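Okay, so chain A shows up in both of these, paired with chain B first and chain C after.
Showing the complex of A and B:
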């Protein structure tokens, strides 16, 4: 990324032309646009955390906010909940992905699953959490399906199946929601390693498939999935919207607690909130370090295990059965969540323990039509704007890298991942203060900009490999025929890359749709998206209405993915190799 | 008796205070109001209001249609998860030195949030008493329209609706509900897992705690002024904690989880997870039935000793960008038309702040036509209205509750 983002150190030659100069500005502009707010936001959060808050007449430094934070009765419980749900969620997701890919490498199931992953990736976190709650709550659909004929329950059981004090429901939802991302990343890493050859060699030495994969492929690709994995870890430890729906409230997770402090009518609590936000960053950093230690430990043990030369006969059936079952259950849950939301949105009356609504109606959709259209419109505009900007910047950076002949380095990916590794609550408050200072808060600019912070990395990740992998000979041939670099870009590269571009755009759009906290902070609450609406309603409002918003929220990115697949297929209906196979 | 006399004295004092304010504030002439209406035309009002109940949201949307048609104002409902969000937003703007053109024009507010904003100088006004429709407000029989949680309103917020704690239950499942704090505890012990209350600082959850404090305190009149010292706080709230310690193990989920707010508890009641829900609006249960959110057999009850009631208001931040339009909206909210619609159990079921005797016959007819609602208690069955404690009690009780039950 830094290679792609690296501005030129030597001045452009006179023959380079304006467009080249513009292109050379792209990396610097991109860096500024997207690391600037993160840095400023962190600073704007750290200052109040050490007691510097001129608005309340406070100019630190002071340790008081930290003392208040540590003395807070809810903190120990919140930390425990945060760590359990975040670590279990991440660990569960990555173990599931590794076990599944190891067990089903090269099988038809993996290919089928891969096609399912994109739409699942597109379902926003909030919608997934709400659907999950509809399904798993003691009064949820699953219990309704077995009550009272099988369970004997005429009233929902008094068991905390969601919002459980240990945070297991949140952890489970995180596993379901993060598995698609990690699986896609793993599959992409596989494509760039010689997994086939490695497996063939290992198999010829008598290793069973799972052991062969774990011993020869995993060590080779883990480096590539490490950063995305850290991003998942950071996200799981600091997620707000899913925690609001699925985690208990007394105490809530640290991120939710921080949000509550930010919104406390007692304004001095803002300092404690800032300290809490900084602590949240510390927790994430610590968790990543811990994970790294764990990696080293597993690496050491793993090396002995690999060198031990066991062929893994015992490992085989258990892994296949377990990974297959858990993956299937996780997919079923995701699908059930979507169907459950659709049913609730069409329910007139659906009391426990009826398996299906006793009264069907389209009135919910009609009654909320105005609100759905308005918030859907904002969601759409926001997603399109941030995606288009991200796409332009990413393509400019990649084209610059390509024309300068720079070699991409893996290490530089850290820069790209910065907004994904820093917890949102840790810098969004500072971003808000910055936006208010610049007088752009509560406006489209601040909102689109904030969304861009999260959209850009994903668009870059999705675009980088296909762009760099494009056969250079096409470009050279076009240049030889006298086309200018720009003409080559627009007439050769863009059309050839249409499919990955559309997919990257769809991913970017889905990321934008899913943003809850950034929309809340940068939009000053004035911008109502399907996401903010679904989350704020999910606290207790009419399930039928919550279902409408959550379903619409899930539907929008799904439609976008469908479009992303359909457009190139239609454009290139008579050009088979441009349509793309998967 | 002594208590009643004290309460009466307090109300008189409040009345006097208002009279003084009234005398001091120049009554807005018709010309001024015409000017306000003129300026308001074409403005957008960003109304920050709790958005957790879609029936209320629908009512606010209706208000938007009406003020658009009547006054050319675009009303935008900024739906809040917690009113404190808006308070903190106004503060953030003050922090950043944005003294005009703020992002919040109107806030649905009362109690501690109002006290905070008033104390921090975050409010515009006084404006409320110069609004034309304010003269319709029943400031005599509804003294809480002038004193918000013991804090004098002083025209800094306009009364919007009357709230009073009542309990909703499903008469098909619970034939004889408990009608006092003590009876509630006994009932909960006999029926473990069937009662809960929203987690404070949700306003219904906090009000439930205040109700218990009031019912168990030796001398509840102490609650009417700020918490004097730690010792008094401890003595007065000690019975509350004893009560909650006894109650918690018998609550839904053994008290380890609480619903986030009253609508969430309403959902639990409808699902049959609990037997009692708590409401702030006497006609709300009927409204829930009408909207298919509770079974036909839902009914309401109150405690024999009375329940806490208050008034909720709308206020305008000091830096609101569209103060004129915000005032016009606040005035419309106090109109007979808007108040009658709000009280309709098919819509929301929130009681009016108006004195029906002051209305024109045609306007009064709007209220007379309203159905009482199958689950609504008639006024004579609604019991006494207990006063809200001073906000400092609520803040301290919430903090103490957190320390004890949110860890």
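Showing the complex of A and C:
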């Protein structure tokens, strides 16, 4: 819009003209800040992978790293484990979400479940994995609950319920952890579609609800779920912290194997690690292509199914029963994982078949207070800094788009998803190399910047729809009352968007708290957060101590979400039209 | 700035449109249109929906989206409007919805309209109280706009616009959403205030009763945005010269 470019000579401080220039630079700055490191990181990983690593006096190209990688005896097992757990986890989560939404569209259950999703989304992956392990382990809470009265066990059974060779425990945990994200994405897509009308038409033609949903609504919204789903797929195939807790160690998943090589005291292993990291990227790309093929196949079969005209009389009860049961089990597992962690952190003595601790104590928390406060402080600072920066950049981009009357492009969404589609392990090593070059490695700047890469996309995704959906006439009314664009932004738009802004901030904060690998790489091991501490302790420390860190890690983002809901509710307690539900 | 007298006279000048034409992706949406609205006069622009009536008002406000191309000129009290950003034009507008800011109280909504160069807190509060009294809304200042009735909100919206001391008033079907009994009262309320301030007022509507109540010139637009010399369905009663000039 031409008027957005007009210099506003006598606006407060005379800085309006400059702030508009700043605003116009916002998209470029944002892209540079978060795509630059990804691109540089990939390059910085690929070069050592082909034997070019000046720090070690090596200059390529050479195939030696790849030969060493392929010759490694752990690789075949690691690949199998990675593919099984990643594909099963993603497939399980999306099938569960689709089946559940198809079966319970418009029901009270879905509305109730939705309110549970934000807190579950907030629980970091590491905490979820640790809680899951506490629940499912042979000496875990579930076995205790059924022992000895039902199982007859008086000692923990000798079966690999977690860290099982096939990676099923990891796959199950991925289903539980990714379901909330996919469900929220699906519900958001539904809100922007005319699902109600489609369903009504299909129902009036005699289709049962599940068949009606699958045949008329799913094809319309799948396009909007696709990118988030690919992000889940990429994440599941390359997750490190959950795999460290729940997947077996010999061999581990590919991403964990690569991390071990990066940490090997023998520096030449870095080259093998870089090759492995590049292979990890290849696997994710391949998996996404495979998924795309699967989509096309399902689409073809689905069209034949639709043309067949079946009303879904048999599908209906089966889907409702199955999706309802699995979703309930999944939610119970998630809740059990949280409660179990709390119990363990307060346990003094908890002998094996007892369902509850026989001695309660706060000694675990007190003993670890120093460590918890120190790592909690780092976690908090890191989360706040990256969230605030992300929020400022995102709001500047959206406001710039709005003032210049730009239409959002679908293609830019792919750019936004880049850091979520590229496996972390595939470019973080290169980011570290870059940080060393810029002499910011192992410092706060590198750490915050690296977190920003992952916080920013989520904050943008959470903010974009509410921002663009805000009734433009409020802005026009305010302008015509004589308010400058900046005043409209700060006095009208930001207050009206308080709720989505707070929720976007909470999501960004939770994303930052959850980061394990970026903290490890960018912090050069010098920064200890609740996440890195919980994961490293989970390798063998006292379960009660692990529980303290994992629970604190889960609690921090949960508190943040509670605050994000409470603050606007309190501020707008006397403003009826802003008090509505999320 | 003007003093605290709400009913103060003579804020407005003359609103002139010269060969104004709006185009959307090369297609003519409206115009070319020339008209003059004198101080204290009301001119009504009537036409079917989609003929670009609201876009004409957005053009005058300066809030027309970038996809539109414009030609012609608009002047208010001798000032060229086209190069000014919306907040410098001193053109007030009322929409079909009241668009009271939901996060602000009634008084704060009014204060948002009041120019910032009236600095004295007590004076500002007094202006707002006086405005509320004028709308029979004494004591409503601290209320949540969402708790007001439709008619009350409409009056607050008008007062908010008037407090911003505009030199012209644009009305974008502001009576359309009110029920019939309320509509007539609010119409009179709006026109009385516009006349008291000698504001040139441009009303767009498709309701002939609005046009009649406005009592000024009426300009009919065809569906393709061209100005007609006579209403499409002439019933004699509303027949007036098409362009609001010689009177």
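Please note the rule applied: the second predicted complex is superposed on the first by the 566 of 582 C-alpha atoms of A that agree within 3 Å, B and C clash if a C-alpha of one lies under 4 Å from a C-alpha of the other, contacts with A are read in each partner's own complex, and residues count from 1 in each chain.
Definition applied: a residue touches a chain if its C-beta (ideal position, glycine included) is under 8 Å from a C-beta of that chain, and two chains touch if they have at least 3 such contacts.
The structure presented is a predicted model; accordingly, all values stated were derived computationally and were not measured.
Participant: Clash or fit: chain B and chain C on chain A?
Facilitator: The answer is fit.
Participant: With the two structures laid over each other on chain A, which partner does A:575 touch: chain B (first), chain C (second), both, or neither?
Facilitator: Only chain C; A:575 stays clear of chain B.
Participant: Check whether A:436 is in contact with chain B, with chain C, with both or with neither, and answer first, second, both or neither.
Facilitator: Only chain B is touched by A:436; chain C is not.
Participant: When the two structures are overlaid on chain A, which partner does A:370 contact: first (chain B), second (chain C), both, or neither?
Facilitator: In the superposition, A:370 touches chain B alone.
Participant: Is A:308 touching the first partner chain B, the second partner chain C, both, or neither of them?
Facilitator: neither
Participant: Where does A:491 make contact in the superposed view: on chain B (first), on chain C (second), on both, or on neither?
Facilitator: Touch partner of A:491: chain C, not chain B.
Participant: Counting only touches as set out at the top, which of chain B and chain C does A:76 meet: first, second, both, neither?
Facilitator: The first partner, chain B, only.
Participant: Could you give the angle made at the Cα centre of chain A by the lines to the Cα centres of chain B and chain C, to the nearest 10°?
Facilitator: 150
Participant: Examine A:482 and indicate which partner it touches, taking first as chain B and second as chain C; both and neither are also allowed.
Facilitator: So A:482 only meets chain C here.
Participant: Using the superposition described at the top, determine whether chain B or chain C touches more residues of chain A.
Facilitator: B
Participant: After overlaying the two complexes, what is the shortest C-alpha distance between chain B and chain C, in Å?
Facilitator: Chain B and chain C, overlaid via chain A, are at closest 48 Å apart by C-alpha.
Participant: Which of the residues in chain C come into contact with chain A in the complex?
Facilitator: 58, 61-63, 65-67, 83-93, 95, 97, 99, 101-105, 112-113, 115, 144-147, 160-161, 164, 166
Participant: Residue numbers of chain A touching chain B in their complex, please.
Facilitator: 53-56, 73-74, 76-77, 138-139, 154-156, 158, 160, 163-165, 248-251, 262-267, 270, 348-349, 351-352, 359, 367-368, 370-371, 432-433, 436-437, 439, 441-442, 524-526, 528, 532-533, 536-537, 539-543, 545
Participant: Contact residues on chain B for chain A in the complex?
Facilitator: Interface residues on the chain B side: 46, 48, 51-54, 57-58, 61, 76, 78-82, 84-89, 91-96, 98, 103, 112-113, 116, 120, 193, 199, 252-253, 256-268, 270-273, 291-293, 295, 395, 402-407.
Participant: Spell out the part of chain A that touches chain C in their complex, as residue ranges.
Facilitator: Against chain C, the touching part of chain A is residues 1-4, 6, 8, 404-405, 471, 473-485, 491-492, 495-496, 498, 572, 574-578.
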